[in-house]
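Mind looking over this structure? Questions follow.
Order of writing sets the chain letters: A, B, C, D and E. Residues in each chain are counted from 1.
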Amino acid sequence: MNDMRLTERAVDTNQLKITARDVQVFYGDNHAIKDVTVDIQDKTVTAFIGPSGCGKSTFLRCLNRMNDTIDICRVEGKILLDDEDIYDKRVDPVQLRAKVGMVFQKPNPFPKSIYDNVAYGPKIHGLARSKTELDEIVETSLRRAALWDEVKDRLTAPGTGLSGGQQQRLCIARAVATSPEVLLMDEPCSALDPIATAQVEELIDDLRSRFSVVIVTHSMQQAARVSQKTAFFHLGNLVEFDDTTKIFTNPEDPRTESYITGRIG
Amino acid sequence: MSDATANSTPATPSASSLFKQDDRVKRRNAAEKRFKAYGLTAIGVGVTMLIILVSSVLSQGLSSFRQTFVTLPITVTQAEFEAAEASMLKTGKYKKLIQRGLEQRLATAELGDVVSIKDAMGLLSGQAPADLRMAALANQTWPLRQEFRFLANGRVDGYFKGRVTMEIAERDSRISPEQLELSQQLADAGIMETRFNRGFLTRTDGSPTRPEAAGLGVAFLGSLYMMMVVLALALPIGVATSIYLEELAPKNRWTDLIEVNISNLAAVPSIVFGILGLAIFINFAGLPQSAPLVGGLVLTLMTLPTIIIATRASLKSVPPSIRDAALGLGASKMQTVFHHVLPLAAPGILTGTIIGLAQALGETAPLLLIGMVALVQNYPSAPPAGLEDPATALPVQVYIWTTRSDPAFVERASGAIIVLLAFLLIMNIAAILLRRRFERRW
Amino acid sequence: MPVIWILTLILVFSIIGFFLGRARAMTSAGGDMRSLHSLPSYYGYNSALFLAVPSLILLGLWLILQPIYIESRISSLLPETAISEDTTRSLVMSDVRRVAEGLDVAVDQGAMTADEARNIRTEFVDVRERLGSVGVALGSEVDAPILNAAQQYRELSSTMNIVMTVLVLALGAAGLTFSYVRTDKDFRARNVVESVIKGLLILASTIAILTTVGIVFSMLFETRNFFTQYNWVEFFFGTVWDPSFSGRGGLSEFGLIPLLWGTLYISFIALSVAVPIGLFAAIYMSEYASPRMRSFAKPVIEVLAGIPTIVYGLFALITVGPFLRDFIAEPMGLGSSSSSVMTAGLVMGIMLIPFVSSLSDDIINAVPQAMRDGSFGLGATHSETIRQVVIPAALPGIVGAILLATSRAIGETMIVVLGAGAAAKLDLNPFEAMTTVTVKIVSQLTGDTDFSSPETLVAFALGLTLFVMTLGLNVLALYIVRKYREQYE
Amino acid sequence: RDQVQVAGSSTVLPYASIVAEAFGENFDFPTPVVESGGSSAGLRRFCEGVGENTIDIANASRAIREKEVAACAENGVTDIVEVRIGYDGIVFASRIEGPAYNAFSPSDLFNALGAKVLVDGQLVDNPHTKWSDFNADLPDADIIGFIPGTNHGTREVFEEKVIAAGCEATGAFQAMMDAGMSEDDAEDACLATRSDGLSVDIAGDYTETLAQLSANPNGIGVFGLAFYENNQDTLKVATMDGVMPSTASISTGEYPVSRPLYFYIKEAHIGVIPGLKEFASFFVADELAGPDGPLAEYGLVSDPALAETQATVAGAGS
Amino acid sequence: MNDMRLTERAVDTNQLKITARDVQVFYGDNHAIKDVTVDIQDKTVTAFIGPSGCGKSTFLRCLNRMNDTIDICRVEGKILLDDEDIYDKRVDPVQLRAKVGMVFQKPNPFPKSIYDNVAYGPKIHGLARSKTELDEIVETSLRRAALWDEVKDRLTAPGTGLSGGQQQRLCIARAVATSPEVLLMDEPCSALDPIATAQVEELIDDLRSRFSVVIVTHSMQQAARVSQKTAFFHLGNLVEFDDTTKIFTNPEDPRTESYITGRIG
């Protein structure tokens, strides 16, 4: 992990939100994440890039302990959120996940109405004092996810009857509605057209002013556009982690370079 | 879930520690704990109830697997045999032969004068002469000279099992304390002993006067045959119906009607299926009465709704994306169903089968109307022909024994329930193992 | 040829047909199955089905019709004199059949030659004794016309048998030939086979319909008879259930209301026990429990469904009833009856737990993990996820399970009789004895009453009413499920 | 079908079973199949017609009724042989450790269980809750009686021989007539049992009554004599009008509550169903149904006129 | 549909594979596809582009009658495959789908092993004469979908345990294994990294030599790279359909132009 030294120093200037140290993840015998050490700053967009199957989703899911739900998955190492170990026994994953929201790679709307999908989080966290307030939260969230215009006439229709991209935006709206401190987004724009993508990127930029956002993407351009920090994963290793501009202009590791320059998508 | 006290604006980042739970989270976690506790309690209640019921059955019924026997020396000459066979009440003659053996044994044990010989014979089961006759008929070399182990009378058996006491015998006109006295002495002399009772599993039911000779042989075969019929018919028909309705049939009023109708069949009291079975299978189709075949058919009709409801529910729960995937590859509906949907629905189907069979195995009411609640003393022959021979069933045997006056039958009935539960468990193990194989999440 | 042999032959030929069909398909495709319309085995199944299905149908029909035909032939041969005045033709025919079977047995066992069996005469042989010696017991002496008829019976059946064997096998061969000729690489074998299978599936689903039709018809006429003898208004709206019985005469009162009330009350209590316990057990097993605990707890709880109801009944009567009476009802001044709605309801509820728990468990388990993940990812607790995401998604199945439990509760008799008594009462106090419609159906049906008296016929009216009511209940349930169903993906 | 099929009364069932078993042991015919289900259900099955899939013998704890004979005839069952096998005693018993219910008269039972009784010369809805309310000799215990349900043949005997008798003896019958009821109505009113839960109908068998008694130790139950004799360890019996029930006292007619038991043979089946006639003769043979036979030993009060019955059976079917 | 005239003339030179005429699709009352007329040529890659929710997937699913499985979906109009009406009663949808393969927008592997996932199609269509042949088909398909290296050691592991992108490639491999004549791909590269994307694009190009490929994509670049024809959908209408170069350089319809030029992605 020599190549990380420099990055770490550069990070110190800003406030740290999440600190991961020597994280290892195993699916049964499959060693999916190897020794990953990374610092995620507050009010920053961090992008995870890397070839398919390299462990981006897996690592992302470690950050809000979503891996707990997979029986065969084992996580080692330390992950601190605001200097508190999230894998500590005293930590309630529920509270953690309320702080660290997530948009999944495969859109998974609840088999409920569009409205209920978005209202679900605010309801369980008690974020709305009244029905009107809830309505407001739902509308704002859908607007921010650039979905409002398409669904405003059918808020009671089931969320599962939406198109692929609409479902993805619905899931974004759902995650935004709970106002998390950190938002983990696993390829949030994969099914979106350029316009919707632009709107979501705008949203991300907007969120950054208050929160920390971690985004997995396959699009180098997107990473370059929205993120301040970029981490490049390869075969379960964190190869390089640095300022986005640095990664894209002057990567340290040859692997990073070859991945970046093979740029297509 | 709306909560007036909660903050509507999100807390500023890192204001709250992960280690410190705010009130709302505390409440939610408490709710979570309660919820989980309810679940555990629910399982606890179920398991406790099972333990209570099963242990009461066990405590009452285990003793039926042991039985008291008397060993006597018996001699039968050819002349005696022929004389006995020539008379009308043949068993009466054999009884005399047994009495001779008993006198002999009492004399050698120097117990001859405790009670009269008639009372001493009262220690033996009424089944003894019949057993001796069977042995004599099977025997071809004369004279027959052998130590025979005869069943002891039910009350004597009860004495050794603690059910009958001296005080009870005092009141009971059917046994006297002196007879029990003698039994005790015989036991001390090793002539009378309590040992494993294989006859309970193999013998046929006896008349109400012979609880000691009553066994489950016919009932077991009857239940076995019926379950074979039910399994062979109800499972395929139930699954076929469900597949058609859930996967192939167009969704319209007509199929709605069928769906409602099937759930409704589940609510039809079981005795009505008996009425139906009597009308269709016996009166119309001319099948014989008391036959496991008819019983199996009736129970099939009764079990079908259960299996169909369970199967349809689990077919419904298979995600549509699986079907899309298969259809998109050019699989036919049939292939999609049989290759993908059915295996994923298998756990639910097996559960339905388990519950349906459990129900069918324990059902008595419809069998009443088709003549299976009866005293049957001839074993049905091997299937398929045996399916039409008269037989009873395990729950029927339980029912019959619980209605009999002799308290010794209480033990038998509980013993029969144990056998029934064991039967059920064995029947289900295959299904349970299969179900575990098929269980997966996606 | 015995039927079992014919069946075996059909089976064997079907297997051969399978390979023939498959081989022909492969040849027609020049050995490359890629140019076949369907997979080779479908051509095999096609041939096998075309061989087996028609011949089996013919066999079945023949087996049903042959005895009818033979009976009518033989019975017309029987002289009038053979049927004495105190018996009937059908009884004489059964005698004929028995003699014929006896002769068969005798021939089989070698006690008679086939010739002998064909030619013996009552004048010379004591047929009863001869047959008795091979273990065929006859009720009376065999007289000449009967023996004669029996011999003709044998003759006719053996010829018919030969004809049947030939025809069935010929039809099978024809079917095979037909399908064999049709087999060709472009032949849509899969479609044909699948439509046959679909036909079978449809056939299977008609059984449920036929059962209903049978049930309705077996009750409809008797119900109509009942209503010609008893006023329907009093039946549906009467509040007194007091059937007299034939021994006593006197007027019966058949008010449905108290029975209906008892049914609803007991079922309600039973379900209030079974549904929460069953549902929570299911939730715990599928969501919280370790696989090991689940694989233990589930079958164990299922045993509850297999315990004969009489055990529950006695448990209610001897343990639960007195307990409730002594510790709850009497101290609270709610009566001193050991049989009560509460007793029966509680015990029945226990019996119903596995109906709810096991079926719901499977359904809950089938809800995709992505649903749960979505909820967890929003910071929901496990229980919130279950209540608001998993259960709604599993709702149709759970409702099905509850309906099944309700159905069992309505249909149960033994527990009610022993636990709640047999008195039809209209009361709110759950510690009073009451009874249900089903119990009364059984007791009126098995009761000491005349067959055509309203006292018996009321059982059918009750049955039909119950049927219609539960139908309503099911329609309602279907409606609710349709309305609230949440289809995942 | 090779074996005789018998169905009917649950009271006759034990006797029929004993005979069937002995028949199977002593004859080469297969053991008859004996079903229970109640007298009426048995007769109903019996009258379904003639032929192999109908039963051959129906047991009944009462005589066949006119209507049933007619229904039989309608279905072609015209020749029915009635065979009376003996008598069944009906006794009142209670838990051995329960209150001392040692002696009853029909009046007591009527006062305890009747719907309307005579109190101080007035006909009122039964107000009694304790036995001692109306008879100081009886224990001061709560009334609760378990009587056969209307689906039992026993109920008829119980009503006729006990309740009706008690109704007349207490004068309630007269009071009803005086109140302007017709004789039939008064009889009906007499037979009605109280519906406030102190008189409980038992639709099941005597074992159910026994179980009810163990849940209600204060109760009294109606049993068959044979059943009581088999359960002397838990039950004690009460005298009726001072007479102790026993086979002896019943056969002499001293003990009032008893009834005849019958079975009915379908004559058309004789000669067709192997062993039918032999079984019927065996049933009524002295060795079985006689006073020293196993049936009497089990609790049947044997019929003094057994010889006539034997003759009837011997003559049947020819 | 005036704007279509020109296109049709241009198409005539090449052999037609699929002809859609006045296709309408309704989801209940929702009119999702309006009057779409389009010709898809053989040995050609046709790209469907358009904003999220405009009906691309819906129209795609019409082409192999996958819409039959949605109860509330109703299709009107005519769609001809090799001049045969695929909505004709005599047409066996099964055979149709064997000819017209599909990769779904959301990866949906069977809950079976990776091997079985790929082998399923060849098995039911009898494409392999022996186990070795089947092994071969599976390997080739996985290779073509650029997944072989990642999964070759765990062919018996369940397909549902793969990463998002891996699942997507598995579904591609599965579809390719049955050798369809037309391959419909709904955003096949949405979850793929640039390298995998390149490989899949190569595969598409390769398939084109023998078959017809229809691909839905949000990436203009991808459409431009792989397709010869492009259809632009908007709010259920087919706005423009023409040679890809034409669409991207000189669109006729102002809506197309504004969508193209708002290019991001």
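Simple rule for what comes next: a contact is a pair of C-beta atoms (placed from the backbone, for glycine too) under 8 Å apart; a residue touches a chain by one contact, two chains touch by 3 or more.
In UniProt terms, the chains line up like this: A, E = Phosphate import ATP-binding protein PstB; B = Phosphate transport system permease protein PstA; C = Phosphate transport system permease protein.
What you are looking at is a predicted structure, and each value in this text was computed from that prediction instead of being measured.
Q: Give me the chains shared as neighbours by chain A and chain B.
A: The common neighbours are C, E.
Q: What chain is most central when centres are computed from CA atoms?
A: Per-chain C-alpha centroids ranked by distance to the global centroid put C first.
Q: If every chain is reduced to the average of its C-alpha atoms, which one ends up farthest from chain E?
A: Centre of mass proxy via C-alpha means gives D as farthest from chain E.
Q: Per the definition at the top, count C-beta pairs in contact and tell me whether A-C or B-D has more.
A: Greater number of contacting C-beta pairs: B-D.
Q: Using mean CA coordinates as chain centres, what's the gap between chain B and chain D in Å?
A: Here chain B and chain D have centroids separated by 31 Å.
Q: What whole-number Å value describes the gap between the mean CA coordinates of chain C and chain D?
A: Once rounded, the distance between the two centres reads 35 Å.
Q: Using CA atom averages as chain centres, what separation in Å is found between chain A and chain D?
A: Computed from C-alpha means, the inter-chain centre distance equals 83 Å.
Q: Roughly how far is chain B from chain C, centre to centre by C-alpha average, rounded to an integer in Å?
A: 18
Q: Return the residues of chain B touching two or more other chains; collapse runs of consecutive numbers into ranges.
A: 28-29, 32, 320-321, 332-333, 344, 368, 402, 442
Q: Could you say which residues in chain C touch two or more other chains, in rising order?
A: Those would be 190, 314, 369, 381, 384, 445-446, 487-489.
Q: Quick check: what residues of chain A touch more than one other chain, meaning two or more?
A: Counting only residues that touch two or more other chains, chain A contributes 94-96, 98-99, 106, 124-125.
Q: For this structure, give each pair of chains that are touching.
A: Chain-chain contacts present: A-B, A-C, A-E, B-C, B-D, B-E, C-D, C-E.
Q: Please give the residue numbers of chain C that touch chain A in the complex, ascending.
A: For chain C paired with chain A, touching residues are 369-381, 384, 388-389, 392-393, 486-489.
Q: Any idea which chain B residues touch chain D in the complex?
A: Spelled out, the residues of chain B in touch with chain D are 88-92, 126, 129-130, 133, 164, 168, 171-174, 206-210, 282-283, 286-290, 368, 371, 373-378, 390, 400, 402-407.
Q: Please give the residue numbers of chain C that touch chain D in the complex, ascending.
A: 86-88, 90-91, 94-95, 132, 137-140, 242-250, 314, 317-318, 321-322, 335-339, 417-418, 421-423, 425, 432-433, 439, 443-453
Q: Provide the residue numbers of chain C that touch chain B in the complex, in ascending order.
A: Against chain B, the touching part of chain C is residues 4, 190, 194, 197-198, 200-202, 204-205, 207-209, 211-212, 214-215, 218-219, 276-281, 283-285, 287-289, 295, 297-312, 314-315, 350, 353-355, 357-359, 361-363, 365-369, 381-384, 386-387, 394, 396-397, 400-401, 403-404, 406-408, 410-411, 413-414, 438, 441-442, 445-446, 463, 466-467, 470-471, 473-475, 477-478, 487-489.
Q: What part of chain E is in contact with chain C in the complex they form?
A: 92, 94, 124-127, 129
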